[in-house]
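Going in written order, the chains are labelled A, B, C and D, and every chain counts its residues from 1.
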Amino acid sequence: MTTRSLLARAGQAVIVLVSVAVATFALGRILPGELATAVLGDTATPEQIAEFNRKTGADQPAVEQFRTWFTGVLHGDFGTSALTGQKVSDALADRAVPSLLLVVFAEVLALAVAVPLAVWAAYRRGKAPDKAANAGSFVLLATPQFAIAVLLIYIFAVQLGALPATGYTPPEQDPAQTFRTLLLPAVTLALGLAAVYYRVLRAGVLETLQQDYILAARAQGLTPRQVLFRHTLRPSLLPLVTLVGLNFGFLVGGAVIVEQLFAIPGLGTYALGAVQTKDFTVLQGTVLLIAAVYVLVNLAVDLLYGVLDPRIRHAR
Amino acid sequence: MPADTGLAGTPPPDLAPSSASASAAALSESPRNGTRPLPPNRNRLGTGAWLAVGFLAVLCAAALLAPVLPLEDPTRSDTDALAAGISGDHWLGTDALGRDTLARIVHGARVSLVVGAGATVIGAVVGTVLGMAAGMGRGLLPGVIMRLTDVLLAFPAMIFALAVIGAVGPSTTSVTLVIGLLFVPGFVRIVRAPVLSLSQREFVLSCRAMGMSAPRLMLREILPNILTGIVTYGVTMFGVGVMVEGGLGFLGVSVPPPDPTWGGMIAEGRQVLAEHPMVTLTPTLVLVLVVLCANVVGDRLSARLDMRGAML
Amino acid sequence: MRTLPFPRLGRGPAAVAAVSAAALLSSACGGGSDAGAGAPGGDPRRGGTIQVGMPFDVQTLDPTAPNFASAMDYTAARAVMDPLFAVGGDGSLVPQLALGATASDGNKTFTVKLREGVKFSDGTPFDAAAVAAHYQDIKDKKTCLGCAPRLMSLVSAITPADPHTVVFTLSAPWAQFPEVGLTGIAGLIPSPTAKRSAGDAFGRNPVGTGAFKVTEIVPGDHVTLVRSETSWLADRTHPDKVVLKVMLDTQTAVQSVQAGTIDMMVASQPNQAKQAKSAGLQVQLNEGLSPDGIIMNMTRPGLDDIRVRQALSMAIDRNAINKVAYNGDTKPTTAFLAENDPEQQGIGVPDYNPDKAKQLLAEYGKPVKLELNTLQGSNYVAATQLIQQQWKAVGIESTIKTNTAVGIMQDVLQRNYDVSFSPAFVATTTVDGTEVAFASSGRRNLGGYANKANDELFAQLGAAGDAAAALPIARQILTNASTDIPSIPVVRKTGMFAAGPKVHLPAADAYGVDAFSLVDLWTTQ
Amino acid sequence: MNPLGTTNPTTGKPASSADGHGSLLRLRGYSVHLHSPRGIVAAVDGVDVDLARGRTLAVVGESGSGKSVLCRSLLGLLPAAAVAHRGGTAHFDGIDLAVTGEAALRDIRGRRIGMVFQDPMTALNPVLPVWRQIALPLRRHLRLDRRAAKRAAVELLDSVGIPDPARRADQYPVQMSGGMRQRVMIAIALGCDPDLLIADEPTTALDVTVQAQILGLLDRLRAERDMAVILISHDLGVVADHSDDVMVMYAGRQAERGATRGVLAGPRMPYTRALLDAAPTLHGERGRRLAAIGGQPPDLTRLPDGCAFAARCPRVQDRCRTQAPPLAPVPGSAHDGACWNPVPVPGSADLPEGGAPIPQETQETSRA
């Protein structure tokens, strides 16, 4: 990727992020209900509400509010939750850790299962293991996360008592316990991801196996292992890389149900709570952070594409 | 990206499927992008896919006919049969409030299928129009459309859905609209790529040269060429829509009670999961089956139409 | 699912009666002095960590903050700060930081003796000045959501007579001042030094005399409390550490107890009780002394007619609702207070009588169509669906609208609703407390209910010198309300605790069916 | 280069030499039948080949005539599930390819039989640097370590005439021109010094100027290494200049066979005639297809009892429709043909004339 196209992509990313910021801000304004009542309760006198609005800037015109907020964001100040008095940037820093760990964990698990299985199934196309893996991936794709979560908790926590049912331990306290607490939710997410990755990679490998250069590689007398892992895997990985990036961005903050069921203090539940309590400062900050993660990861994927695919790197 | 990535370009003579060289199909396991029609068995989906189509058709028919079918009132509680098992009165048992599970599943299908299909149609129509505009438009338009889809993709989908539904109130319409909106970027991408390459093809260029208007060109020349891809992707997205509706119902923000929704039934059933697992398992199984069927049909369609990418 | 921003009003005596055998055997709540007696499984074990799953997020631990609302906030704050008095199971005052209160001057002056030798955990002494500062603060800021409004309107002066005596001077007689003003949220005494220096941040750095100190507040996840060795309750406090975990999904909370991930779970509704019991857990149902019910907007067509409101009440089969929606774990009720409360006894809104309901509606003659709003994702939804059916059975059409807690509050405060079966119902345990809902100018009179007789009666009730004089007045108010039906009680509020065999379950606090005092919580040997 | 018939490019026995003694590759009645969605296809039907070291056999035919299937079948590159039947015998240097297992075949492929594919754009892996693609078979067959393999790869690039081979070795195919990529393909195929090189339309996808260079390179390498070469092509100009013998295939069968010069100078089978007619000049438009012959190739799943070409043949007789003609020496020629009604012995005037000399290679530069 040339410097110029990189700059163009970065420029697009900035445009997208600013648009997301505006959109979130607007979304917050269309939600019914006002923060003052949520925070002050119905005992609030009009004077108290006015005072509250003055303090939070809610009495300013929307454009002015946005300017103030966005200027703060540019300086790393996401504002303060009117409801809990917590600095949003502090909360986001705390909340981002479990969310990121969970998603990274889930992605690693999903890839560890899906990649070898997909290559193997594509190579043994039409055989029993391929058929079984295909059927399994279809069922997993069709099973909602909440059903998987309920089932996993029931089996591994309640029946076997092998893993904690809920909760999260920060890694600085006890990394082993962090691993244990995140295992079930990560598996919940990973099963769905693995099914998608399996299908995409298998299709990609099948597609690659039809390429002339695979026939050429076979004509060179290479072993199936060499053909599969030296020649086939890398070109087949390209669509998967995009998807991994997309899902990463999507799940940081998108795993709302899983975070709630497993009581993980992540970005998803933070944003959900903000929606339900109309805590706009929190909602705006969280959505902006989630969007930023999404945009950055996809930018990174674009760069990675260049590394993986010389056709893009050396494009004019 | 250069065009000669091995996916485009002239097929080698011996590999190009032609009516006479059936060897080509056998030679490389499946034909590469040939220009001539595929063998005549392209309409065969296979037994599994037909079973899936059949199941979906029966469910659709049941949902359509629900008011005239001899079903119980899905909102009426039989207080003598709470969370009852399968019986002559209640073929699939009852839920914790004593309501007939079969009736609730069939009536719930009205919500789930309408949301799944409606959201897909919204996403497909809006996405196709925007995708074609992004693929063929000139000037700022394509950039604006692509940035808009980026914004929508970057916005956390679940939060977006919860916030918008919270703002306008939960109903079949609002849930359908929100999910449909979330589907738009996918369709834009599915449509834009082939439109980009089609718009450089000779027949399109010549139509342009002959002064055919852009909308007419899109409708007459471009759309027929990309329709199969849209339909295939749409079938899969239908399943996704059903699943997303289930998720919203599970969080309690889908169509309000007492109208049954599958997600809502699953969430309500969890209250009695330990003693009466069937109350939540039955709607879960139906939901899984419907999404499974949509996926199978979509997959078979895409395999038939050689649209492997569509399952993304 | 999230914190309910509804103020818990009118905390009078005996708000909660624990109904499980274990709880009945245990001591009156609050004091914790002899609470070990009869507890299952043996003696308390000193030390260790207990993890408790709470169904709400934490917002603030400052009881006088306007967003202090949930059982999570209360339970944590109650562990850090002690009240002047706790409320016993029989409604009596149990001395905590106060040793006693005496009324004089026709219930216009109250002299409160304070416990000596108590220190806040920041080392400053607990004394009359601290108590005076606290009540002056409530009076000045007027933002305390959980405090009785009369604390702000009637209390004219708070004077430290000596280091361990405070004198409250009221501008009008208020017989129940100690029960209402010196307990519950208002009664929790913070360290004035800490509160002054922390300012608005006191909610995140609370300091009190309580058995525990806060070491960590992580909104969305947990509050960590460790035993305060300098507390006057240190000897009676058993666990070294208690972690209150935010666990919004009560079903996974039960499973977490089963799996041993947490030791105890708390729910505001009894719906998980059956599952927890069948999983072999100890289950304690906490039956509140106030009901859950339906509020009505009497300015809407139909609802302005007494016959329709009567029909609405008569159409509700409360037994069926208890059986079906609550699994029989609560009690049907037609009373605004506990049925056996002397003020309430024998008084109630019309009970189930569908034929009469139909007849009344026929007399009314016009079709009734209502929007019935309720809290989304909650257990109210099941009961709401049954009520809808029961109304339909007598010919009242209604559609259900689910909403978030904030959304419901918005709607009801703006009078933008027909009927609401939600926490918007004013749950109170004293007739005094119902004033906000039943007086025509009441702050929580959300349906436009106006009855001049009641307005006068409330004024007389406030001035009534003692309980004996107040009783007939109170009964008359409830009789009037039960006749006018501004709102419809349906079932008793009931919460639940569940835990493994080694945990001694505390009784529910007077504050609510889902709150408790950590001093009463321990594991057995 | 010379027009056909004026000089003799090669000497030696025709491919159809009766005994086949000393053949490196010897096929007798070799047939490959494939499954297709519409039935079994006789993709290759009764082919005989004798090919000695140092000689080039050209295989000519339309799309679908079975040229590629023949070669891929020999190397065992057809998917096992696709092959319905393999008949006849195929011996490579005394090894019976029909009974050789996949593992043993892998030791032959790349090691003893190299293959060059038509389209260097698609036959090279786009995401691997070229040296690794050259090195992989070296490491597999010659057990070279990584460094030695890289060194050998650079030498091979040098030997196929790629300038600055050390730098080019680290490049990706996308950074190279078509001609250079085909040189890389050849370097890969030659890496293990094979006895037989199969070049499947090696220049079809290339510019006409580059074609000549590549074919010249193949000729040079063949001579240097005493390899046998099978040159698959539909370009009779290429065939005329760069092969010793030619085999014309139609619908999987041999239509005409013999010394290149003789066959092209005096085609007897009407199909060969038509092929020559369809190619107006030797160095005409690139990519000119044989489809210029009227009519469609036959349906291989339902081959007629008679001659497969009968439906399109201008010289068709009744007998042609009922009885398949055997491959036999054609009276009046030095080569074999399969025809009941051969074209009369032609004069050389019928042959197309190619005038212009081929320009020297000047275009082969990197795109990147």
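Everything that follows uses one rule, which is that contacts are C-beta pairs under 8 Å (C-beta built on N, C-alpha and C of every residue); 3 or more make two chains touch, one makes a residue touch a chain.
These numbers were taken from a predicted model, which means no experiment stands behind them.
Undergrad: Going by C-alpha centroids, which chain is farthest from subunit A? Tell me that one.
TA: The chain farthest from subunit A, judged by C-alpha centres, is D.
Undergrad: Taking all protein C-alpha atoms shown, work out their mean, then name the chain whose own C-alpha mean is nearest to it.
TA: Central by C-alpha mean position: chain A.
Undergrad: Between A-C and A-D, which chain pair is linked by the larger number of C-beta contacts?
TA: A-C is joined by more C-beta pairs in contact.
Undergrad: How many angstrom lie between the CA centroids of subunit C and subunit D, rounded to a whole number?
TA: From the centre of subunit C to the centre of subunit D is 91 Å.
Undergrad: Between subunit A and subunit C, tell me the centre distance in angstrom, where each centre is the average of that chain's C-alpha atoms.
TA: Roughly 40 Å, centre to centre.
Undergrad: Between subunit A and subunit D, what is the gap in Å from one C-alpha centre to the other?
TA: Between these chains, centre-to-centre, one finds 53 Å.
Undergrad: How far is the middle of subunit A from the middle of subunit B, if each middle is the mean of its Cα atoms, in Å?
TA: Spacing between the chain centres: roughly 22 Å.
Undergrad: Mark out which residues of subunit A touch at least two other chains, giving numbers and ranges.
TA: Within subunit A, residues 32, 154, 211-213, 215, 276, 311, 315 contact more than one other chain.
Undergrad: For subunit B, give me the residues that contact two or more of the other chains.
TA: Where subunit B meets two or more other chains at a single residue, that happens at 2, 5-6, 12, 29, 166, 251, 267, 270, 273.
Undergrad: Which residues does subunit D have that touch at least 2 chains other than itself?
TA: Residues 72, 119, 122, 126, 174 of subunit D each touch two or more of the other chains.
Undergrad: Any idea which subunit C residues touch subunit A in the complex?
TA: Of all residues in subunit C, those touching subunit A are 1-3, 5, 7, 53, 57-60, 66-67, 69, 142-143, 145, 149, 200-201, 203-204, 218-222, 245-249, 252-253, 255-256, 258-262, 279, 404-407, 409-410, 413, 443-444.
Undergrad: Which positions of subunit D touch subunit A when the two form their complex?
TA: 72, 75, 77, 81, 105-111, 114-115, 117, 119, 122-129, 132, 136-137, 140-141, 172, 174-175, 185, 188-189, 368
Undergrad: Residues of subunit B touching subunit A in their complex?
TA: Those residues of subunit B that touch subunit A are 1-2, 5-6, 12, 28-30, 32, 147-148, 150-151, 153-160, 162-164, 166-167, 239, 243, 246-247, 250-251, 263, 266-267, 270, 273, 280, 284, 287-292, 295-296, 299, 308-309, 311-312.
Undergrad: Mind pulling up the subunit A residues that touch subunit C in the complex?
TA: These residues of subunit A touch subunit C: 32-34, 37-45, 48, 81, 83-86, 91, 94-95, 153-154, 157-158, 161, 163-168, 260-263, 265, 269-270, 273, 276-278.
Undergrad: Residue numbers of subunit B touching subunit C in their complex, please.
TA: Contact set of subunit B toward subunit C: 75-77, 79, 82, 96-98, 166, 169-170, 251-253, 256-258, 267-268, 270-275.
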